[in-house]
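Some structures are shown below for you to check.
Two complexes follow with subunit A in common, the first pairing it with subunit B and the second with subunit C.
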Partner chain A sequence: MSLDRITFALLLLGVAGCRDRGGDAAVASDASDDASTTAADPSGDSGTTGAPDEPKQAASLRASVKRKAPDVYARDLSRALGLGTDELCLELSQYDCTSSHRIALGGVDPYDRAVYEPLAEPGISSPLAIDRIALSACGERVTRDLAGEGLVFAELADGTASADDRAAIVDRLVLRLLRRPAEPHELEAIAALADDPNIPDARTWGQLACFAIATTLENVFY
Partner chain B sequence: MEQRAHFTPRVLGVLAAIVVAAHAHDAAAQPTGPAAFCAAYPDAPACDAGAAACDTCHETPPARNLIGRAIEEGLLPGEDRPLDPEVFADALPGALLAIEGLDSDDDGFVNLDEWLAGSDAADGDSFPGGQVCDGEPDKSAWRYDVCSYDARFTFTRVMIDVCGESPTYEEIEEVAAAEDPRALIHETLDDCLQSEAWRGRDGVLWQIAHRKIRPLAALKAGASEGDIPLGDYEDDYNLFVYTQIDGHDARELLTAGYHVERTDDPTTYVPYARTPAQDTAARGAGVAQLTEIDRRAGMLTTRWNFVLNTMFTPIPRTTAAAAYRSYLGLDIAKMQGLQIGAALPADYDNKGVAADECAVCHSTLDPLTYPFSRYVGLGGGAPGDYRANRMLSYVDTEGPGIVDTPEAGAIFGQPVDDLVEWAAVAADSDAFAQATTRDYWVLMVGESPRDIDVAEYTTLWTDFEGDHAYSVDAMLHDLIDTEAYSVP
Partner chain C sequence: MQHTLTRRSVLAGLGALGAAASFGRPRTSRADVEGPRFLIVLGASGGASLLDAMLAIRESETSNPDTLNCFPDALVQDVEGSPFRAVDQSFDALGPIPMPFTATQSELVARHHANMMVATVTGTSVNHSVAQRRAVTGNEAWHGRTLQEVVAMQHGEGAILPNVHLVPGVGFAARGTDATLPDACFAEVVADPALWPLALDGVLGTKHPVEREALAAARALRNETLDPLSRFHAAFAASPKIQRWESLRGVSQQQVETARLINQLIVHADGPDHPLAAHGLQSSPDGQLVRDAFPMYATDPLHAQAALAFLLLKNRVSVTVTIGPDFSASIDGELVPGQGLPEGAVANPPIAFDFSHQSHRAAQAFMWERVLSVADGLIGLLQQTEWQNGESMWDRSMIYLATDFGRAKTRPAGATDFGSGHDLNNGIVVISPLVKGNTVLGGVDRDTGLTYGFDPVSGAADPGRTMTEEEIFAGLTQALGIDTGGELPNVPAMSA
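What follows is the complex of A and B.
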């Protein structure tokens, strides 16, 4: 797949992923009359909400999240996709990506480089490192499933995927990666990406669906 | 200089900052400020521990924030600076009263409301309101209950923070559906505290230790030896972790007369007490711990500590400051933990420490350092070797006055005869309990305690040094029940 197609597909997935879900702490409720909590924004702005028929999650009063440490992110991905942590991603086919990009991923390198604490702010390459690991791991899972393992993408075995198949895959991915059932609008949005002419085949859709979920804020932070 | 005992270690530790006048012409915030603020506003959340934090009025002291600058304008204008501390304290309430009705950070809330609500009146992003869940929230429709303890959220956090991986959906739902989710979560914490992710090599506890031990592969002795092997810092990690696990007394971090061996796969930590000769025979001169047992003080007297921090220095101020910062949470470079009114230091090594601009810090730092001065770093003996007459070695380089350097010193204004006593005072101090608790608070909650967290944080560290007898495990069980940790 060409870089342009991947980029466009990623942009589409990014738009879909940015739509607020019920569990998104950034969602603020309206300061409506009866059943409401005090919104964190004193301006009274209702902020963004989920899909029109979605229940409104009140905003977190503390709104403090932490970024997963590199090994935690790797283990979670490994467990969700049924891959060893050493099978997720290799740079130059040799070097474990989590180790290679440890500082960018929020880790430390105390012995050789005297980096004793994580960087206070993520670097410009931090999201790129996450993306590389997720894209590689998702691709590996798709490849193995198409070869017969059938752990996550069994429905893609024949190279096609009906709407129901896609919904089942997305639901499975969300359950494994985000540890909750998928919201209806998530199923719809990610499944519908297969209709995009820039996504050439079911295999690519599967990899990018996995990538989109694996790189959500909900999976990178906690 | 007259001794002014305005601060007990308790106050110092909770607030972790002492402000010292840096410029003679400025109305500098003085150590009486925090207590005077709380005398005026005793119900302010920031005063739960007795005195307000220095960042109520300051950025890094003595620099003033919006509140500090607002106070400055109305605080005895025209009076010569620096103000006498008592004059300052008497005038401060009036200056605070004058700015109560101002909105210094322009966030829509006047200063008084912010002080009484516990938000930061100098930070426009911190404001009262939005901190109460009122009405009848539809919690059944929420992903997370942001108004109270959330079992799913807390369980997931504990699993990630301590076990190093997220739980599965099934595991989360099992906890949420349990009759007593809290009990299950505490059981999970107990299991996770035994995990390799927590206590194993390069696990979570090692991550805390990195900034205290400051390893350097090039100087490592033993396994994976560096180019210039001088000491094995893995002994330090082993001792650090041992004191933090299995209900051990964390004070032994500073008071232990033993060292710890580690085996991997699975990881175990076993203490041992060998004399330098025995350890040399057992492990070789390149890695042996060379401080006699009766001169040991835990992490303060490891070979690596002396190699890295003391090195060739007769009066090892870096060693003392590193210990003060790492284990007591007081960074002298940020003017924290300074003993106001301490006597001017004698200049044993001709470094100019008695000059006005230097004595501000060195009147505290030098007495803090003297007990470390009898332990060899590099040169003149083996690293960690205690030598009562060590100063004689430095006459040629430092001058004859160096031999007058005492071994007796002081910590928190309390005289101590030697480093072992220094360590005992430090370990029993509120500062140690606060610093240890703070390390885990930052690790687990993800940030330093906010103003609204003062009450919970204070309870946590006082129980740590009280009911929990310095057991980190017990403290963590309390921590995961705090609102700061368990409410999304």
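What follows is the complex of A and C.
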């Protein structure tokens, strides 16, 4: 057996070993992460997802994260929701939100405002700007899907959302936005948002389910 | 019955007189004002030379009329009843920019000389960013805190955004280095005064709005379930960045949205460029007031900043704001071959006061007129805004005209159009009822153009010394009623 064939076979075995759920492909590094997590967690108690039946996650020793640059956040949202970056959000229907709030979003503007480096810290308008972009983009995707595009929220076409519909939508949203399958507790919690008395209809639920995921720390930072 | 005058009755009587005097008659000069004080840092980026303004020297007064940066006698105006001077000039061009303009400092200085103080200072850096930062930190005099941060700390209680910077990218808007200060002391940065207010609400004005309660439910889902139970959070919850973000999504965000700041701070009127009504928004109730005071708000960044700055102060959102021209050129006009630009087409030359490298006289004249005009507009608005009991907001406000440094004191022999470099020796201008008005602290040597200092306690001019950035910082904090715990030099000479 040639070295190439052996290598290929090993790769196939590795991918197969990583799958822990039918249907969508799981994140390839899950198995290795679990192993290293266990190995790095001698007490077995530091870090947890909080869901009792799910593997524990150890706390990062350095906890070094970065906020997505505004264009990166916009591009990720654009790809996840199948919208152009110029279709995500417009202030007053004219001014691209990402550009309008670029500095608050952690960007720079060396030509017009002599801001050569991102602000050292976000301000009060930073998470609000993210909220506005996500709310607008998610609303746009819901609107288009209800008009027939059916990319993310096809199940809402009749104005209702059964439990199965909600599960499918949530799974799809998490996969698209966070590029991983939804955890069971996420499926449950996001679907349950529809039962909140302040959520008037399936359309609003869909938009806000999308919003809640799109504005999580996991999607804003990396 | 015979009345006996006691000390108690005399004091009670004097107190009654004082209280009666405060109703209907604003106080104009005192340093012991109770309650919050407001600071406007108006950053004169690039190096505003006092020799081209309040400390101007006449040719007849110096032994070096040909080579000193001094003016023909006729151009230097005395401001009646004050120690200040003003230089009124007209130019056919702003250096190499073919645009005529006229600068009349005398009018502005005369109007505000009673509350104007010039204090000399010699800085420590000829680097713009470094010098600008030192102008607001006193060269890290007090744990690296900026003047704006200490004002927010002392006077910002109850203000939702106590410290706001409307001119990013300059050292005057630098963040201090004292991490022990509460987060609220550090500035909120505004890059675009026209659209920034929209980012003070998560739903108003968006294309697909939802009911606020529905949004709250989604946020609660995110904040209380999705985030805290995620693997990502388990891994990175200890990150200061994560914690900061979570903090910003909490109480302060609720306060901002509850206060509906978005509807208080939009300067623009409803119109094609800003279709506010169509998006469920409205211009600030004081929108017309600030648009009238700063009519170039749509094209001149400094006017836009000043307009929003006043709204932030008036609506008690902030206690300190930082504005100023930056180094970007702002031009709105057609260049006609052979005729140049129409007057007023240039709102800001490239590199602001530092355009003095190209053409010192024109740049200084243009920029002094620019910053003093904006200060004048703000003072007018603050004077007509009541604080309480007949007292105006101006009575407890300070405009600190901070600048990087001065400019070279000499010029090529006989030249009227020349370039100038940076010079550490200069001074500051403060306009405020809280400082010793109608006063020049220190002086200027009319043969060298170098300024000299003053006794920090008595204020007596002292040609044998210059003032440090730390001393000026200390004097400003005293005038602003900041409790520094004795950690800074005592400079009561600057206070009213």
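Brief remarks follow.
The rule is simple: the second predicted complex is superposed on the first by the 173 of 222 C-alpha atoms of A that agree within 3 Å, B and C clash if a C-alpha of one lies under 4 Å from a C-alpha of the other, contacts with A are read in each partner's own complex, and residues count from 1 in each chain.
Basically, contacts are C-beta pairs under 8 Å (C-beta built on N, C-alpha and C of every residue); 3 or more make two chains touch, one makes a residue touch a chain.
Everything numeric here is computed off the predicted structure, so don't read it as measured data.
Contacts of A:Ala59 after superposition: both subunit B and subunit C are touched. In the superposed pair of complexes, A:His101 makes contact with subunit C only, with no contact to subunit B.
Legend: residue contacts after superposition of the two complexes on their common chain; A:Leu175 is shown touching subunit B, with no touch to subunit C.
In the superposition on chain A, A:Val72 contacts subunit B only, with no contact to subunit C. Considering which of subunit B and subunit C touches more of subunit A, the answer is C. By the touch criterion defined above, A:Thr216 reaches subunit C but does not reach subunit B.
In the superposition on chain A, A:Phe153 makes contact with neither subunit B nor subunit C.
Once chain A of one complex is fitted onto chain A of the other, the partner contacts of A:Ala114 extend to both subunit B and subunit C. Residues 56-60, 64-66, 111-112, 114, 116 of subunit A touch subunit B in one complex and subunit C in the other. Of all residues in subunit A, those touching subunit B in their complex are 21-23, 25, 34-42, 55-62, 64-66, 68-69, 71-72, 75-76, 79, 108, 110-112, 114, 116-117, 175-176, 179-181, 222. By the touch rule above, subunit A contacts subunit C in their complex via residues 47-51, 56-60, 63-67, 89-95, 100-104, 109, 111-116, 119-129, 131-132, 135-136, 138-140, 142-143, 183, 185-186, 189-190, 193, 196, 198-200, 204, 207-209, 211-213, 215-218, 220-221. Residues 161, 168-170, 175, 186-189, 191-192, 195-196, 198-203, 205-211, 213-219, 221-222, 225-239, 241-242, 244-246, 248-249, 252-253, 256-257, 273-276, 278-279, 281, 326-328 of subunit C are the ones that touch subunit A when the two sit in their complex.
Partner subunit A is touched in their complex by these residues of subunit B: 108, 127, 129-138, 141-144, 146-147, 156-157, 160, 164-169, 172, 197, 207, 210-211, 214-217, 220, 445-447, 484, 487-488.
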